[in-house]
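You will see two complexes here that share chain A, one where it goes with chain B and one where it goes with chain C.
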Partner chain A sequence: MEQHSGYHEKTLPADLSAPAFVNGWRSRALIIGAVFSIIGVILGFLANDGWAHFLRAWLLGFMISFGFCCGGMALLMTQYLSGGKWGLLVRRPLEAMTRTLPLVFLYFLPVGIFGVSLKKLYLWAQYPDTENALKNHLINATQAHSIHFKKPLLNPVTFWEVSIFIFASWALYTFLLNRWSLQRDADSQPNVFYWQKRFENLSGFGVVFYSITLTAAAIYWVMSLDPTWYSTVYGLQFLVGQAYGVLALVILTLIGLSSAQPIKTIFRVTEQHDLGKLCLAFTMLNIYLAFAAFLIIWSGNSPEEIPWYLDRIRGGWGVIATLDFVFHWLLPFTLLLSRDLKRIKRKLVVVCCIMIFARCWDMFWLIEPNFKDAARNLHFSIGILEYIFVPTGLIAFWMANYFSQLKTRPLVATNDPHVAEILEPEHAHA
Partner chain B sequence: MPIQEGTYGLLAEFDTPSELVRAAQSAYDSGYRRMDCYTPYPVEEAAAAIGFHRDNVSLLCLLGGLLGLVAMFSLETWISVWAYPLNIAGRPYYSWPAFVVPAYEWTILFAGLSAAFGMLALNGLPQVYHPLFNSVNFRNGATSDKFFLCLESTDPKFDVAESRVFLEGFKPVSVVEVEY
Partner chain C sequence: MATKNQPLNDPMLDPITGEDRVIAPGHTFKSVTEKISRIVLTSHTPIGWFGGLLLAGGGVSMLLVAVSWLFLKGVGIWAITQPVAWGFAIINFVWWIGIGHAGTLISAILLLFKQSWRNSINRFAEAMTIFAVVCAGMFPLIHVGRPWLGYWLFPYPNSMNVWPQFRSPLLWDVFAVSTYATISVVFWYIGLIPDLGTLRDRSQSKIAQFAYGWLALGWRGSVRHWVRYETASLLLAGLATPLVLSVHTVISFDFAVALLPGWHTTIFPPYFVAGAVYSGFAMVITLAVPIRKFYHLEDVITIRHIENMGKVMLTTGLIVAYGYAMEVFMSYWYSASHWEYFMMWNRMFGPMGWSYWVLVTCNIALPQLMWFRAFRRNVPLMFIMSFIINTGMWFERFVIVVTSLYRDYLPSSWGTYRATRWDYATFAGTLGLFTFLFFLFVRFLPMIPMSELRILLPQAKIHAEGEPLPEAGD
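Now for the complex of A and B:
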């Protein structure tokens, strides 16, 4: 029955390391990173705005890279808890994402140093003396009140303490998740249940802990750009947004790797379809949270809350908001509804690229209108071009780091019962 | 409707889905078209093997969903703007954010109902009689642990003797001739 060889069980190739073309990806990422960063720096000089837009764009690039790195950690822990064959497939790419944490911390430093300590980014860091700032009309009464009232939370010392603490705790999780994973593969097969329990115990608490620390991070790094506004669902929106971006990236990675061994053997259409379905779920959850937050604030119609949205809708920003809806939900949702699309690699790649682009677009809509010169006034300046070049540079360098990490380990975790299942022909569910 | 008599088809019984899919694929490759696979749980590859054809349930589901969306959104707009314009907290009559949630729920409701009833309308259920239940092994195994391939007599290529030989080539547990 030669013509039906597809029905027989496959075997795992002997060499599980990443194919050589990943080096090519890395060089390409490094070239893109270098070119875009140089243009970004040149624009920084040309913009003549005291590097304000450069720093805002840096924050955007940092938040996206951070989302891939730590969102990858969250998804890694989630797959240990949920189980499933898709989890085995994405495990090593997600581990590679988590190991970029040092680079992400490096990206954070300018935000902390220039943004907070040198008072270039955050209003609350700029005007700690609210009374004088109000008197000199540098801030309005609402801002003065908010900065004064939130001082125990929004001050440079707490900012640094919280940021360092959360980075340190994520570093610990990254270290354990990566170390145990190698130890598990080196261990013998009968001990696999011990390891499963161990990972479950680490991840169960880890997912909750990450949700809380991510909320703190999102409040400090992005939400506090506008000290007057608050939303309790903000952290959760970042959590879902990160999973949305990470899923898109991990599918792109797997499809890219699937042209060569070992991913070629283990990446079946069934699991590709499953990952596509997860994307659809996160697309829905994302719009659900974003629209629910908007609807509640719209219904309340309170002068304390609505200015945040008005800053982001009026003065041309409505176009950005509408396109955010189109990129973030309408396009991925309508495309991912199709069963065929999720099973055809070439088409799924397009959707994943749209999804990652949408994350950056959304972050632009969240960050830029916080600033006085941009709120309710979308206008062109040389500075705004920084949003194209600086984040692309940062994300490209992050990608290069991610590809290097991908090369350091076998691409398949072998000490797992799912390995045998994933090598089975696709229809043998019995 | 005249009473149908004679052979409905030949029913081959298999123990594993792999054997079923292999037999179904070969039957399709040798030109059989009027046939069906019966499994205790969905085996997508079996459907693919006998020439998976697209049904219109997903299209009905999509159209139902869109109909629900448009119907509810229009209803809300008509009520708020023309039929009973009320000043609610000074908002415009056409306040679309408030319309989204009911419109979304009708989308889900209509899509779900269209999928369920569309499926029933297109697959011929509920059906009070099916010839295959005349076969004892089918009655006992089709919903628990057996996998069946039935070559139907309406197929132009069907011949009781030849088709039986063909099926027995796949080493099935049994091949049974089923009467109408």
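Now for the complex of A and C:
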């Protein structure tokens, strides 16, 4: 690269591995995970409805961890397609997220085994014989009609087949993305064109495939908790929500790592600002989809659709819905509008923490009102405390796994044309 | 499949990133300015331009005839009736508004995302937006039946104490489209100011000097001017960005808030927006390909632009396809609703089922060819694809409007729809109007922003302590 006198280009440090303090993060995550999980199990024994809530809260923890892992994979593929310097910065943390897939699959197993096979979570799994269930007033006529009609899809065999298929496909993608990334770094020549096209080819189809499989997963794992309700934008909302959470987590990771090498050298204020802007974009996109869906269903006010919202607004749920709006959109949006905030690390950390918390809060609002005891009836019970302890435990263990993965590879992909750009001083371009 | 046989020493490839260059090498600040300004300031107007203007003028005349007859006879000359009370007028309105979206996306969102390749195409894409909004805005006005009372659409205090229905998305449309038009015009004009200053300084004719000087608002190119210009551009980009989403979202609400199978679905807002960008980019290619050929602009509107636009079209086309797929899956089956099922069956296999398959072929099947790099880089094929996509997008609106309405809940109220010659004449007339305005634009204003193109030159990159390279030229 041509250099001019006085042009102070930085150089990458020799050691690109994650700093030692990441081990400390992992230990802390493990301790939190252990403490919260033990409390979660104790609550399961103590409360009358403890195990029912334990399983629901487990689903919440699984969906958040799954969002980080597979949402990370989607964002990883997106940065290969979009190009840009930000992609180089976030690549290795995102790869580390994707490699947590085995743990996420383990998290999924209780959902499938207890929730579907042992019929503890999903209404359609509990009452496959709709005629008898209706006769015994266990379900209403609408539920009976929906469960009966959707039986080819909503049954344990198809549930397991579809879930295993999508996990297997994501595993293949995770494997290829991670393996090729290492191979690219090991290549003795830059071969820029070759590697770019190879990753673009993989990611182009991958993003499409992920969108379809994520839609199937969101419908199966969360939307079908209420078999009567449907929304065509549901899968897309999950896709955007995952990107929202993953961006927040990746910014937290980079800011945390930026106190030491090698991230200290490459994480410029410009890229931090850009990532902050991306967060703002996804914050807007998130509320846009949620509000548009709400407005359409609210205006329609049809008996097939509106109960889903009424279950989540009436009987005390209005407070949760309002706070969901505040955490998910109002706070991040108003804060991220500030240019200064996006450029100050400690302030951006606060916003990202709010965003991740908002994902959990939103998932609680999506999951809990699906159940008869909670719909239009938000009430305190010992069991509902599971929503604090079980997801925190699961997410903390997931974090520990993520930090372990961060340690296994250099934090910067060196065979990338953007390395030279990212080592330039700020404002190298007019 | 990618191979390691990278084309070596290709001057059109950036040696560091391996990507196509945004503009061909060899240009200087001076050559860029001369090349673009010459098209406007030349005293020799190409004969082809006159021919094109004449042809487009024929379309405008047809529009005048069609609209005059409409005003004389009323909307009865169109095919609209019960149950299809919204016909070509709303289809054309949505189609034209959608086309306008690419301009706003290129000028606002791609600016915020620092996509420098936009610089060569943003000016005429913005112009296209304005002309498309002009064509679109005409349809609701002539559809109201009494266009001389069109101002009733706006809420204003009046002696009759009559107010529009604020809860209706049709009123939100009035605000959304008028805001969109205003911001688009202001954005376009602000972007033009430095180039108008250049034209003022370079023109030889007194009339041109006066006209461009008057329009340039005293632009001197001082640092203070540039700072204000950049600030204004960023502020307007920030304001325009939500508009890319909001305008077509509000238009999607026109349908989605109604309780009609085929209209009432939550995927409509994002898929309308994606569809708008899809058709908008297709129209940019439709315009860019002949322009670069006719004015020999292949070195500033390069294969990089065509390929990138192909990628944007493929992406937005896939979002649209996702929307169609979700509609089919949810309506046809997962809804467990007889009405939804019938709507989708009728849409696909009813008397007008052919229109659905035209839409699927044009919007989903054929655009998959853009997965191939060789296809995206083939200019004639991309030109043909742009027509296919815009045909598909027109049929998308036809399918949504007509096939949802003509057979609704009650079989006793079913009907059909067959457009009249006046429907076709009005639509074709707006194509003429759009082309006519565009011809005037390319002749009298710089269709490519000289000031923004100069930033892309390697000479503009600051190297040594804020100094550009010595070969920057003047």
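Throughout what follows, the second predicted complex is superposed on the first by the 419 of 430 C-alpha atoms of A that agree within 3 Å, B and C clash if a C-alpha of one lies under 4 Å from a C-alpha of the other, contacts with A are read in each partner's own complex, and residues count from 1 in each chain.
Rule of thumb we're sticking to: a contact is a pair of C-beta atoms (placed from the backbone, for glycine too) under 8 Å apart; a residue touches a chain by one contact, two chains touch by 3 or more.
In this text, all values refer to a predicted model and were calculated from it rather than measured experimentally.
Undergrad: With both complexes overlaid on chain A, does A:R339 touch chain B (first), chain C (second), both or neither?
TA: A:R339 contacts chain B only, not chain C.
Undergrad: By the touch definition at the top of the document, which applies to A:A260: first (chain B), second (chain C), both, or neither?
TA: Neither chain B nor chain C is touched by A:A260.
Undergrad: In this superposition, which partner touches a larger number of chain A residues, chain B or chain C?
TA: Between chain B and chain C, C touches the greater number of residues in chain A.
Undergrad: Touching A:V192 in the superposition: chain B (first), chain C (second), both, neither?
TA: second
Undergrad: Looking at the overlay, does A:E426 come into contact with chain B only (first), chain C only (second), both, or neither?
TA: A:E426 contacts chain B only, not chain C.
Undergrad: Contact-wise, after the overlay, does A:L330 reach chain B, chain C, both or neither (first, second, both, neither)?
TA: The answer is neither, since A:L330 touches no partner chain.
Undergrad: Could you say whether A:L295 touches chain B, chain C, both of them, or neither, answering first, second, both or neither?
TA: both
Undergrad: Considering only the contact definition stated at the top, list the common interface residues of chain A for chain B and chain C.
TA: Shared contact residues on chain A (touching chain B in one complex, chain C in the other): 1, 4, 7, 295, 299, 427-430.
Undergrad: Spell out the part of chain A that touches chain C in their complex, as residue ranges.
TA: Counting only chain A, the residues touching chain C are 1, 3-7, 81, 83-84, 145-146, 149-150, 153, 189, 191-198, 201, 204, 208, 211-212, 215, 219, 230-236, 274, 277, 284, 288-289, 292-293, 295-297, 299-300, 302, 304, 417-418, 420, 427-430.
Undergrad: Within their complex, state which residues of chain A touch chain B.
TA: 1, 4, 7, 291, 294-295, 298-299, 301, 337, 339, 425-430
Undergrad: What residues on chain B touch chain A, complex-wise?
TA: Its residues touching chain A are 16-18, 21-22, 25, 41, 43-46, 58, 62, 89, 91, 97-98, 100-101.
Undergrad: In their complex, what parts of chain C are in touch with chain A?
TA: 1-4, 6-7, 13, 16-19, 112, 114, 242, 245, 249, 253, 256-259, 264-270, 311, 318, 322-323, 326-327, 330, 333-337, 371, 373, 455, 460-465, 468-469
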